[in-house]
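Consider the two complexes below, in which chain A is the common component and chain B and chain C are the respective partners.
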Partner chain A sequence: MTLLKVDELQVIVRGGMAVDGVSLTLGQGEVLALMGESGAGKSLTAAAIVGLLPPGSRMKGGIIAFKGKRIDQSNRAGWRKLRGKHICAVFQDPYGALDPLQTIGVQLTQTLRTHQPQLTRALLRDRVAEWLEAVSLSADRASAYPHELSGGMRQRVALALAMAPGPEILIADEPAAALDMPLRAQLAGLMRRLAQAQNTSVLLISHDIRTALAAADRVAVMYAGRVLETGPAAAVLQSPRHPYVAGLIASMPGLAERKHRLPVVSGRMPLPGTAPRGCVFRQSCHNASDQCRAERPAQPASGAACFHPLPELADAGIRA
Partner chain B sequence: MSDGPLLVMEDISHSFGAVRAVVDVSLAIPRGTTLALLGESGCGKTTLARIALGLLAPDTGKVRFDGEEITGKRIRRSVRRRMNMVFQDANASLNPRWQVRDSIAEPLNAFRLVARQTDPMDRVEELMQLVGMAPELGKRLPAELSFGQIQRVAIARALASDPTFLVCDEPTSALDVSLQAHVLNLLRGLQERLGLTMLFISHDVGVVRHMADLVAVMHRGRLLEFGAAEAVFTRPRHPHTRQVLPLIPDVPVNAASVETATGCCFRARCPLATARCVAEAPALEYADGVAVACHAVEEGRD
Partner chain C sequence: MIVRFAISRLLQAVPVLLLVSVLAFALSAAGGSPSQPGSGPLPERYARFIIGAVQGDFGASLRLGRPVGAVILDRLPATVDLAGSAFALSLLLGVPAGVIAAVRRRSLAGRLAQALSVLAASIPAFLSGTVLLLLFAERWQMLPASGRGETVELHGWSTGLLTVSGLQSLVLPALSLGAFQAALLMRLLRDGMGQALESGFIRFARSRGLRRLSVLRHALANALVPVVTASALQFGSLLAVSMVTECVFNWPGIGQLLVQSVAAADVPVMVAYLLMLGVAFLALSVAADLLCFALDPRLRPPRTAQRTAA
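Up next is the complex of A and B:
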């Protein structure tokens, strides 16, 4: 069942089109990774979905629907009903989500009580302990303040706070970006397990290819406000069909051999409002044709938005 | 003096209060090679790098740079000029109110490297071209440049005093994959062209694979495995190295916080740990050009 549907979303930032016709679907219990480099429009897409677009930006077109009902025109009260109970979010900086003056146990208790007022004190205490254990922290950490925890622990607490109300959709915006590699992999695995256990759908925003591969069922790769390729995570990341996605993955240093030079994606991503006519990637693409200059390839439900996709490869790209 | 390793660190230990950041580490970096320190956040990589540059005096141990001991001394300007550092957050390392060309020129002035009646900006232009930047961008402020360009400015400034030894502390971990490839290519190219000796710090296994001639794997302040990158990557010996190299997505979490005051620092997470690993810390043992600190490897149980 499709829980969330984004159709032809457009977001304007200071007059420039920063998200230009993005369509996404998120099924029940599914993990979708929205990928792309800084400035591609992935965080704006996520912000539009939770009704938290930053000042200076606004939705210009498109539809966002939750369980078949349009939510993008909700008022404040409408959004408040959706957020927390139905849609929760974790952001890159866990400090922003945690109150520095309260222990993490108190914060978890408050969150649980808001959404489940019927719980008794004893039951609340048990639930807090359960949540701490669910994110691999011992129950006696409930008395710790945020500053007493490491960055990885704080991010796990933020994840517990977001998941505790039992949301149907979790939006995770670069939750692991400030963490090192082993911790990133750990958080991705944890998020996937929690989502499966609660049947929560996750929209994971990340520029980290390994995290996406470890955590996501499907991926959508953005560039200059457009989705250039979407499909099952393993298919897209291990055998990309869009020249941009293929170039991005080839530029990751691998472990098998030491190359003299890493291949690079040439050119710079166009800034909002400066995308060329036709395909947004054509100025950096070696295969661009007249058709690419004249028309913009449509975003397919699955596959590459490209007039000249690369052949499918049996064994390319990266492995987890 | 001219053939031995450029940097030698002997039995370095350093604590911050109760935290033992670096424990008994010995390393040597041959001239013109890149040694990469691989390890997770908080394993002591950056502390070791600061000690290597003489920015921090270790509790015990010695650092020799080009044959000269620099530990706990005021380093002569002629020696200081030959070592420099590139930081992870390049933006924070530049003065936001200076045109970037002035930032690049600062080491030239500080080390009095500009002869009278010559324009330091000639050398700045040369440096900008070296890192692949158009010299016209020199008049911009950091806020007017992209992340990738700012990292290039930081590299140009680090090279201004014509150093022989460059420390790069996670220079690409704040960058997107596509920018990372550009910066890594630039650093590899500069290392080869200028014959630099580099100490490269990263938690990213792929980045280390691309940059390193030698790899030192650190965990909780200790060196667990050290050797030629090719050997360590094709045949990792230490159980910890074997865990981090394939980047297993699900690492047990709680075990990391188990107290390991005695014995091997990795034993709590090690599948091969025995009573000996609890009682006794393993020393680095050399075999086939790779050094490994592990009882299991020594006993042939790996």
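Up next is the complex of A and C:
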């Protein structure tokens, strides 16, 4: 069942079109990784889905639907009912995600009580302890302030806070970007386990291919405000069809065995509002044709948004 | 823990206090105050000066011929009434206005708060006092123009806060003195609150579906920390600025006393005023630090027995 459907989403940032026609679907219990360089529009897409676009940006067009109902035009009360219990987002920056003046116990209690006002004080205390233990913190950490915790612990607390309302969809925007590699993998694993336990679908935003591929069922790769390729994680990794995605994977050492014949991406991603006519990638693409310069390839439900996609792995030999 | 912090903070204040006392002593010595006999070496005279000051003995006023301590004690309650109500007024007006201006930036109320703060911050106290006086006291005769009205004695301390005429007399001077501070507070809070509302933890709190009131409370608490320090120092400057307001409204406080004393070269009163203001400033800044300490856990020393293992 499709929980979330984003259709032709457009977001404007200070006059420039930063997200230009993005379509995504997220199924029940599915983990979708939205990947791309910073500035590709993935964080804005995530923010639009919870109605928390940063100041200076606004949704220009498109539809966001949750369980078949359009949500992008909700009013304040509508969003509040939706957030937490149904869709919850945890954003970048583990240092800024927690209120520095409150203990993590108080912040967890407040979150739990908002969504389950019937809980007694004793039950609330138990639930706080359970959540801390669920993210491998000892229960007596409830009395700690955020600045008394390490970056990794803070990020786990943020994860507990995001999962505590029992959301159907968790949007995790680079939750581990500030952490070291081993901690990132640990957090991604923890998130996956918690999500599975509650049957929560996850939209994981990441610029780190490794994290994305390790945690996700499906991936969508963004570039200059567009989704260039979608598909099952394993298939995209093994056999990227879009020249940009292929280059991205090739640039990751040790990820793909066929990197020797994949073009490495050169050139800068166009800034919002400066994407060329036609294909947004054509200025850096070796295969660009006249058609690429004239028309913009549509984003298919699955596969590459490209007029001349790379052959599938099966025919790789022929092409090489 | 808070006691240790308070003691260490008070100890830090000692050098500043010494400096103020030396300045006051220099003024006293230069003024050749006859009640502080100029005999003996300077350190001895300084010691006598300090011992006297601690006991509230600053000699006799040259102008009035009465002990300075008693003169000041006569005048102090009026200034405390005035500065206290002005401060309360500035909090009462400044804090809600700042919150509204930050939360509803583009609404009518937000714009109004904004415009009023610009107005209030750009008019000096003597001008706003005079304008208020001309309009409300002279033209419309709604409020008294001068003096404190009736006062009540409570354990030797007079206050106008408990009588109708006392309160009526307070309105204009307190408004004139408090408006400027309210404007400063409002701006400080508006900026702090605006910043807090755009911070990551507020966005995260909203994404978890927390009620708007809880979200605003988180933001307000974070915006308040810098406001506490600033408003304590403002209260100190209220005591100093009240001089102007007291003269405009013929308010019998220590500000007016100082102006009269300077005009009459009444050095002992000036010395006592200087010392008192210094001590008040220090006490306020210590109080502000203690309040911040209570508000913000990051300012407290790290707790012992913290395990930092991930």
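Throughout what follows, the second predicted complex is superposed on the first by the 303 of 320 C-alpha atoms of A that agree within 3 Å, B and C clash if a C-alpha of one lies under 4 Å from a C-alpha of the other, contacts with A are read in each partner's own complex, and residues count from 1 in each chain.
Heads up, the rule we're going with is that contacts are C-beta pairs under 8 Å (C-beta built on N, C-alpha and C of every residue); 3 or more make two chains touch, one makes a residue touch a chain.
In this text, all values refer to a predicted model and were calculated from it rather than measured experimentally.
Undergrad: Thinking of the overlay built on chain A, is A:R76 touched by chain B (first), by chain C (second), by both, or by neither?
TA: second
Undergrad: Could you look at A:R293 and tell me whether it touches chain B, chain C, both or neither (first, second, both, neither)?
TA: Touch partners of A:R293: none, neither chain B nor chain C.
Undergrad: Figure out whether A:R277 sits in contact with chain B (first) or chain C (second), or with both, or with neither.
TA: neither
Undergrad: Check whether A:L248 is in contact with chain B, with chain C, with both or with neither, and answer first, second, both or neither.
TA: Only chain B; A:L248 stays clear of chain C.
Undergrad: Per the contact definition in the header, classify A:I209: touching chain B only (first), chain C only (second), both, or neither.
TA: first
Undergrad: Applying the touch criterion given at the start, work out whether A:Y145 contacts chain B, chain C, both or neither, answering first, second, both or neither.
TA: second
Undergrad: Could you pull out which residues of chain A sit against chain B in one structure and against chain C in the other?
TA: Touching chain B in the first complex and chain C in the second, residues 150, 183 of chain A appear in both lists.
Undergrad: Which residues, counting only chain C, touch chain A once they are in their complex?
TA: These residues of chain C touch chain A: 198-201, 203-212, 214, 218, 221-222, 225, 295-298, 302-303, 306, 308, 310.
Undergrad: Spell out the part of chain A that touches chain B in their complex, as residue ranges.
TA: So the residues of chain A in touch with chain B come to 37-38, 136, 138, 150-151, 179-183, 185-186, 188-189, 207, 209-210, 214, 247-248, 251-255, 258-265, 268, 320.
Undergrad: Per the contact definition, I'd like the list of chain A residues that touch chain C in the complex.
TA: Residue positions touching the partner: 50, 52, 54-55, 76, 80-85, 88-93, 95-102, 110-111, 114-115, 144-145, 147-148, 150, 152-153, 158, 161-162, 164-165, 171, 183.
Undergrad: Mind listing the chain B positions that touch chain A in their complex?
TA: On the chain B side, the touching residues are 40-42, 146-147, 176-182, 184-185, 188-189, 203-207, 209-210, 229-230, 233, 244-251, 253-254.
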